[in-house]
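Alright, structures below, take your time with them.
The same chain A turns up in both complexes below, where it pairs with chain B and then with chain C.
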Partner chain A sequence: MPKDKMSFQATAGTAGLFVVAAALLQEGLFLYNHNVSPYDGGVYHQAPLLLPLFSLLPDPSTYPIFTYILYTLVDLLSANALYKIAESGEGEKRWSGYVVAALFLFNPFTIATCIGRPTSVFTTCVILHAVAKALSGNIFTSMLSLSFAAYLSMYPLLLLPPMVILAYDRTYNPKAPKSLAQLAGMCTLAVGVSLSLLFLSSYALTGSWEFLSSTYGIQLTLTDLTPNAGLWWYFFTEMFDSFRSFFLGVFWLHLSSYTPALTIRLRQQPLAVITLLLGIFAIFKPYPSIADTSLFLSLVPCFRHVFPLLRYSFVTASVVLYGTFLGPAFYHLWIYAGSGNANFFYAITLVWSLGLSLLVSDLAFAVLRDEWEVERPEMRGKEIRQI
Partner chain B sequence: MQFFSFLLTVLVPFVVASAAPAADYHEQLNLKPLPQNSLLASFNFRSNTSLPEFEAHNFRFFPRSLGQILQHAGTRELHLRFSLGRWDAETWGARPWDGTKEGGTGVELWAWLEAESDDEADHKWLTLTNALSGLFCASLNFIDSTRTTRPVMSFRPEGDHPNTTMANMHLLHGVLPREVVCTENLTPFLKLLPCKGKAGVSSLLDGHKLFDASWQSMAIDVKPVCPTGEECVLQIEQTIDMVLDIERSKRPRDNPIPRPPPSHELKCNTTKPYHADDTCFPTDSLNAQEWNLNQIFGKPMLGNCPLTDPKTPPVCIQAPHSRDVFTSMGVEELKEPGNENQRCYLLPSNDEEFHLSLPFMPRDGDRPKTDADEFVQPATPLLYAERSLTGHGQEHGGVQAILTNPSPGAEVEFVYMESLPWFMRIYLHTLKARISHRTGSDAGQTLHDDDDVIKEIYYRPFLDRQRGTQLEIRMKIPPGSTVFMAYDFEKTILRYTEYPPDANRGFDVAAAVITILPSNSSTTTTARRMSNLRTTSMLLNLPTPDFSMPYNVIIFTSTCIALAFGGLYNILVRRFVGRDEGPEVSLVKLRRRLQEAVQKVKARAMERLGAAGKEAKKVEGKSD
Partner chain C sequence: MSADIINDGDSKPASAEATVSLPATGIATVERKEPPPEKDADTRRRTWIVISFWLIAVFIGLPIWWNTTTIYRANLPLTQMTDWADGKACEPVFPLRIALDVGSLPEQEAQNLLRLTQHALDDLNDFSGHHLRLQLAQAPAETITPVRDDSNVALTIRLAPGDAAHTASSSLHPHLPILDVQYPPNSLPTANSPSSGLATYIATQLGSTFAEEQNIISYLLETSSITSEHKPKGISQEVVDTVSKRMTRSLKYSQTYHLTFSLFTNGPVPSSWDIEAAIDEYLKPVLDMLKPIHDFTIDTQVQLYAAPGVQSQVLGKEDLSSFINAAEWPLSPSIGGAPTVNFIVYIGNQTIGVPSETSPGETSQSWMIPQWGSVYLLAPPAEATHVSSETLKQPILTFTSHLLTLLARIRSADLLLRASSSLGSLARLTLALPSISIPSNVADGVVKTIHHLELACASLGGAKSLEHARIAEAEAERAFFEKSMVGQLYFPDEHKVAVYLPLLGPIGVPLVMGLLNEIKTWKNKRSQKLKAA
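So, the complex of A and B:
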C-alpha cells in the first residue's frame, strides 16, 4: 500500500515483545516506512538504526532473496571473525580456524537461526568481531563493536570487563605501557562515547526517546511473556503480582553477578571468561533464543585443548540433544495440537537450561583444571579433588 | 430529527405538528413481520427538555438520574447500546434505523465530552463510565484505557452543537464485548421512561421475551437538537429493537421447555425417498403463524401512557394491507394514503388493554395467500459484512472480513473500524484486500489484489497493558463486488492473573463497526444518511499457562537456577589438590574415626566372645 495516507497519533509508552522474528522486524519496518513511529506501538522492540538499514533493502515480501543474502553475509562475517579468533590461539592441541568456522556455519542451531532471520545474528556478528579485534590488539575497534552489540541488545555490555582484560593482555605496545586501570578507563570512555553517539543518532532518526524504553525497558521489565527457551517467561507468567519487581531485580542481579566472579577467578584467560559468560547469557538472559546458544557453541571449539578434561561430556550432549528434539515437539503439543499444556514445554526448557548450565560449569572446571595443570605439570592425569 | 430513518418517516408529520416542544414525550411501537416467521418489534421512546431548563436542573420527562450524571461528566452527547444476538441480514434485509441504533454484542458506549485537554476528557470519561455502570447495573466501569479508543473517521456527532463547544469536544468510545446483557439492564432502562413500563407500549417489555429474542438491541441516545428557528432542546431517545421468532415466543410461559411435538403434528417432507410412517424429514413451516401481542410479548399492553402526545399513534404495523389485522374495540386504524404497507392504531384514552392479533392466513383454499400478503419484502442492505478468524494453533492467527456490495449500480464508501485488545498483536504489513467482481466487464469469480479499494488507513498500534489497537480503514467497493480483507496477528501469553476464570473459553473481540458514508454522487436521488453496520464479535483463543501450579513453577525454576549457580560457584571458589594432598576433609576424617571406633568395638567384642566361649566350655566340662 505505498500510496496509502497513514496518519498517526504519537503518545509515549512502553510495551511489547522481544522475540526476534522476521515478521516483527517487517512490521516495524512497515510502520517506519509509513511514518508511524514503530516505538509508539507494542510490536517493534529492535534498535532504531536497523530500520534505515532494512528499508534500503527491497521489499522482503517481493524480493526475499536480498534479505537471505544479507543474513548469509552476516553469518559469513561472523565465521570470519571466528576464524581469526581460532587462529590467534597457540598450542598444539587446537583445531584450525577453518574447522572452528565450519563448526559454526554448519551448526544446526546457526542454520535454524539464519532461517528464522532474527536480528540477533547482528549481535552475534559484532560480539565475535569485538573479540577478534581485541585479540589482535585493536582496542578501539573492539570497543566500538562491543558498543554496537550493547546498542543492539544491551546484555553484551556485561562483556566489557573481560573484553578490556583480553585487550590489555593482547596489546603489545612496549613504548607506552599502560596500567590496566588506565586502559579500563579508556575503554569505558570509548564505549560510553560510541554508545551515546548511537543513541543520539537514533534520537535524530526517530525524533523521540521512546525507543529506549521500548527497546531496553522491555528487557528490564519483561512485560512480554512470549514462550522461549529461557527460564524467565513462565516464571513471570506464574509470579504473584506483588513479587514481580522483586524477582526481576533478583534475576538481573543473578545474571550480572557472573561477570565479576568469572573475570576475577579466570583473570589469566579472558577468552574463556567471555565464552562462559556467553553460555550463561544463553541460559539466563530474559529472552534467550537458539541464536545465543549457537554463539556460545561457536566459541567452545576454541578450547579444544581442554576437551579431555571435561567430566560430563556424554551427559551434557545427551541432555542438550534431548532438549533440542523434545522442545519443538512439546511446543507443538501445547500450541498446535492442544494435547499437552504449558507445563510440557516449561519442563523441557528446564531440562535445556540444566543441560546448558552443566556444559558451562563443566567447561569452567576444565579450564580451571587446565590452568592448574600448567602450574603443576606433574598432576596431569591424576585424580584430584577440590577443597 | 434529521437522523430518523424510514421507519419514522410517517411519524414525522405528527412530530412536527405537535412541535411546541418545551417538554414533550412520544412513544411508539413498530411491528414488522419478517420472512421465516420472524417479527421485528421496534420500541421508540423520545422526550425533549429545553436546554435552559436542563441546565437549571429542571427535569420533567428527562430522567433525573441520567441528567445529573451527564451534567457532572460534562457530556454533550451520549450513546449507549446493549445488544445480543446477530442480525441476519441475508434474510431480514436492511437493519432498523439504518443500523444507527444498534451496538456490537455486549455493551457499547460512545460520548462526546467537553474538556480542555485529553487528560481531562479521560478523567471525565472515567467518571461517566463509573456512574453509568451503577445506573445500568452493567460492568461499564471495566471500560478502561485498554478498551477506550478515540475514533477519528467513524463517528460524527448526531446532535446540533454550537461551534464553540465543538472545538472542545472529545469523542471516546468503549466496548465490552464480553458483557452479557440481561434483565438487570432492562429494569433501569424502563425506569428512565416516564411511564416506567406500567402503561403504554413499554408495558409490553418483559425480560423473559426480550432476552430470548433472536436479536435485540437496547439503545439510549442523548443529544442536543436545534430545530431551525426554535429553542434548542436536549433530546433523549430510548430504543429497543428485537427480532422475535414467533414460534419460539408463543411458547407458553408455564411450559417453556421445548419438547418434540407428537408425531401426528409433525409436518413431513413427503418427497424424501426415506419418508415413511416412522421416518420424517420435517419441512420448514412456511405458512405464516397466527399471533397476537399477548402471546408473543407474554403480557398485554396496558392502554396508553397518559403522558404521551395523544396524536401519535402508539402502535404501527408494517405489513401489506392484504394482511388481516384485528384489534380490540374502540381502536382507530390510520392508513397512510401513499403508503401501502403501514397501518397505525390510535388507542382510546381509557386504560383498557389493547389487543392486536394477526390470524392464520391459509395458503390453499379459495383465496390462497402468498408471501407478499404476509410481509413486506425487506429492503436490501447497502453492504453485507462478515468477519471471522482464520488460522490454527495458539500462536498465530488471522482475521478475514468479507464485505459485499450487493447494489448493481452504486458504489459504497465506508469506514471499517476495529478496536482490538492489546493481546492480539496485529501485523499491519499483512493487511491485504482482494476484490472479486460479480457484475460488470470483469465478471466472474476471479480474485485479484486490488489496493485501490483501501483509500485511507488510520492506525494506532497497541501498547501492552495500556491501550488496544485502533484500526480505521476507509474503503470504497465498486458495485456488485466483494472485498476480502485479511490481516494476520499474533497471540500473546498473559500473566496468569490476567486470564478470566474460564480462560479456555477464549477472549471476546469486539465487533467491527462499519460506518457507511453518505454518498455524494448524484445517481442516487435521495441523499443517503450515515448508516451503520456491525459484524459479530469473535472468540479469540489464547495460549494458557497452567493455573494450578504457580508455587511449583517458582520452586522448579529457582531450583534450576540454584543448581547452575551452585555448581559454578563450587568450581570457582575451590582450589584443586591431588587426591592424596592437602588437609583432610572433616567428613573423611569422621568416617575414618568411625571406622576405627567400629574396629575397636569389634575387636573388643571378639575378645569377649572368645573368653566367654572358653568359659562356657569349661562349664560344660564340669557338668559332664
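So, the complex of A and C:
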C-alpha cells in the first residue's frame, strides 16, 4: 500500500483512495462474515486472526467511531510501550518517556497511518511491546509479542536475534551461568511454538492453509505490483520473467543479510540494532508504507544521546520532507491527472528511500562513534576519518 | 558498516611532541602518526561479520541462484521430430477406393474389367501419393449413402449397358458420389485381351474427376518443406497458380468458425429479416455435411442507416474492396478465439457495374472477399419493412458456395504437413538455442502430436485421419507457441551480463574485497607468528 501517498492525498482532500487500506480489510471482513474464504476476493492479504477481532466491532460504515477508537487505542498502547522503552534507558542525555511517546503520537506519519487504518499498526504495536518486554526482562512475553508481529507481517521474524540479545543483556548479568546460546535456543523454541499455535488457530478459523500463500506468499512472491513507496514494484515490473524468481531471492536475501552482521557489529547495543533494522525494513521491504517509517522514527528519539554525532541531519530532514511532499503530488499526477508516468513516481520514491537510508546510515555512524567514544573518552569531539 | 572508525592521528599531543623534538634533534622529520593498532577483539568481530555475509551468500544465495536460473529442458524426441518435418516418417499416400458396380455382368467378366481398368489407371497416374484403387461393389449403388460409411468408398461407378451404336458415355450423379457409365455391350473386354476401350475410358474419366484433388495434394506436397521421393514430379505452373490462388483465398484452418450474418440497410427499412428460417432451410444442410470437420456458431445482426464505404451508384471493380465500411459497421474481427466469416446483405440501390470475369461463380450482385467473407447486394424488397425468407434464398445460396470456397477442402493433408513442419521448427529451435528452457508440457505436446500424426498417417483419407490430424496440428501449435518459450526466443547470453552485473557488481565488490582483506590479515598474522617462533 502506498499509504504515505494515500494518506496525504486524503488530507489534501484530493481523493478518498487512501481509505483503501481500510476498505481492503472491509472486503476480507465481509467475505469472512458471509462464510466465504476471505482470500477469495484476491485483495485481502492480511492474517486471518484479525478478522474475528474486527467482526466483533459494529459495522464500521454505520458506527465508524468504534473502529476509530480501536485504532486510537492501538496507537496509545504503542506509545505506552515506547514510554517504557525510553524510560529504561540510562544516561543523563536523554528524553523522558513522555517526550518520546509524544514524538510518536504527534508524528505526522503516525497520524496519517492512523487515519489510513492499515493493519500494520498492530504490527507496530506488538513489535514495540516485544522490545519493551525484552527490556524489562519478560523474555517469554517478549517472544510471544514477536511471534504475533511475525504472524501479522512475517518480516519481524528477522528481529529475533537482536531481540534475544536485548533480553539476555537485560536479564542476566555477565556472571550469570546461563549462556546466550541456551537462551537463544529457548527463545527460538518459544517463537516457533507460539507461531505454530497461531497458524493452527488460523487454520481452524479459515478451514484451509490457503491463508499462508495469500498472506506470506504475496510478500514472498510479490504478485501484487501496485505502486507503493518501496523499491520493489518498479524493479519487478521491468524484470525479465525468467529472472523474476532469482531476483526475488536476491531481494529477500539482501533484506535478511543485514540482521546477522548488524547484530554482531553492535553486539553491545541491541536496541540500536533493532532500530537500524526497522529503518532498513522501511526501505527495502516488499510492501513498505509510512507505518514502517513511523515505527522506525518512533525509536530514533531513544538515541537522543547520539544526536550531536549525526553528520547529515539537515540533508536527511530535507530529503525526507521533499519526498513526503512531492511523493503524493507525483502519485496524483501519474495515476489521476495522467500527466506523468511510472518513472516520474518511481523517481520520487527513490528520493524518499534515499532520505531514509541517509538517516539509517547516519544513525549507524553516530551509534558506532558513540561506542568508540565510550571506549576512548579522550577522542570526544575530535575529527575522525574512516580507514 | 563493517569498517571501524579509527582515529586518524591528527591529534595535538603527537604533533606537539614532534615540534618539541625538532630543535632538540635538528632533523626536520615530522612523521605522520600511524593509527593505533586494532584490538584483537575488533579484528575478530570484523572477521565474523565478513563470514556472516559470506555464509548467507554461499548457503542461501547460491542455492537460490541455482534453483531459480537452472534451465529446465525436457527431453524432446528430436530425431522423430525432424523425421516428420522431412517427411521421412510418413508417406503421404491417399488411397481412394472406387467401387465398381457392374450390375448384371458375370463375375468373370467383371474381374477382368476391373483388372484392366486398374492397369489403365496405374498407367495414367504417375503420382504415387494419390492412388485410386478399384474394387467390386458389395451392394447396389443406390443404398450407398452420401455420408461416408465404413467401407470408405469415395466413388461408385455404376456400369449399365447402353446403346450398341454409341460409344461409352458417363455422367456424375448430382448428389451422390456415383459415376454412371453407359457402355456399348460389345466394348466389354474379352478374357485375354491386353487392353480394352472401356477400361481406358473409365480410367480417363476417373482421372479427370479426381484431377483437382490430385492437383491440390501435389501442390501441398510441393510447397511443404518435405523432401521425399513421394514428391510429385512436374506439376505445371498453371496448376500451381490456380491452386495457390485458391489456397490464399481460403481461411486458415480452425476447428470452429463464427458465421456472422449482417443485414445493412441504407435507410430506416427494412428492419427485420427471416434469417433464421433462411439459414435453416438453405445453409443448414451444408453445415451438417461439414460437421465432422468444423463446428459453426452463427450470429446475426441488423444495422440501419449503414453507409457503405463507396457511395457511387454503380460499383466498379476497384470499389468492391472498399465497399465495406470497416470504421462504422460493427463487424468485430473475431468473437472469441475462432475466426469469423462475415456474410453481409446490403440493401440499397447500388449494383455492380463490372461482373468479375475471373471468378464466374460470383453473380453481378455479390462478391467474395478472400479470407474474410462475402457481400450480397439486394434490391429493396417489395414488402418494405421485412425481408422474407424467399428473398434471402439467393443470397444464402451464394453465401453457401462462397463458404465452401473459403473453407479449403483438402484438410487432413494440409493439417498433417502443418503439424509436421511445426515439429520441425521446434526441433530446429531447440537445437539452435541451447539456453532456452523447455517446459514439460511442451514435451507432452510433442509426444501427443507425434502419436496423433502416426494415427493420422496410418488412416489417411478417412474421417479418423482428419480427426487425428486436427488434434496433432492443435498440439503442435500449442507446443510451439508455449508462452514461456516465446519470451526467451530473443534472449542472447550477452543479456545475462546486463542482468547480473548491475546487481552483483555493487554487492559483489565489497563482499570479495572484505574476504580478500581478511585473508591478507590472516596471512600476515601467520607469518608474524612464524617469525616470532
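Just so it is clear, the second predicted complex is superposed on the first by the 360 of 387 C-alpha atoms of A that agree within 3 Å, B and C clash if a C-alpha of one lies under 4 Å from a C-alpha of the other, contacts with A are read in each partner's own complex, and residues count from 1 in each chain.
In the analysis below, a residue touches a chain if its C-beta (ideal position, glycine included) is under 8 Å from a C-beta of that chain, and two chains touch if they have at least 3 such contacts.
Predicted model, so just to flag it, every value in this text is computed and none were measured.
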*asked:* With both complexes overlaid on chain A, does A:234 touch chain B (first), chain C (second), both or neither?
replied: first
_Which superposed partner A:260 touches (first chain B, second chain C, both, neither)_ = second
*For A:246, decide between first (touching chain B), second (touching chain C), both and neither.*
second
*Report the partner of chain A that touches more of its residues: chain B or chain C.*
B
*Examine A:368 and indicate which partner it touches, taking first as chain B and second as chain C; both and neither are also allowed.*
both
*asked:* Taking the superposition on A as described, I'd like to know which of chain B and chain C A:27 touches: first, second, both or neither.
replied: first
*Considering only the touch criterion stated at the top, classify A:379 as touching first (chain B), second (chain C), both, or neither.*
both
*Of the residues on chain A, which ones does chain B touch that chain C also touches?*
240-241, 254, 261-262, 265, 361, 364-365, 368-369, 372, 379, 382-387
*Can you list the chain A residues touching chain C in their complex?*
240-243, 245-250, 253-254, 256-257, 260-262, 264-265, 267, 361, 364-365, 368-369, 372, 376, 379, 382-387
*asked:* Can you tell me which positions in chain B touch chain A when the two form their complex?
replied: 152, 392-395, 422, 425, 427-431, 451, 454, 456-467, 488, 490, 492-497, 543-546, 549-550, 553-554, 556-557, 560-561, 563-565, 567-579, 582-583, 585
*Considering the complex alone, what residue numbers of chain A touch chain B?*
1, 3-9, 13-17, 23, 26-27, 29-31, 36, 40-43, 61, 223-227, 231, 233-241, 254, 258, 261-262, 265, 283-284, 334-336, 338, 341-343, 346, 350, 353-354, 357-358, 360-361, 364-365, 368-369, 372, 379, 382-387
*Spell out the part of chain C that touches chain A in their complex, as residue ranges.*
1-8, 10-11, 35, 45, 48-49, 52-53, 55-57, 60-61, 64-65, 68-69, 437, 484, 487-488, 491, 495, 499, 503, 507
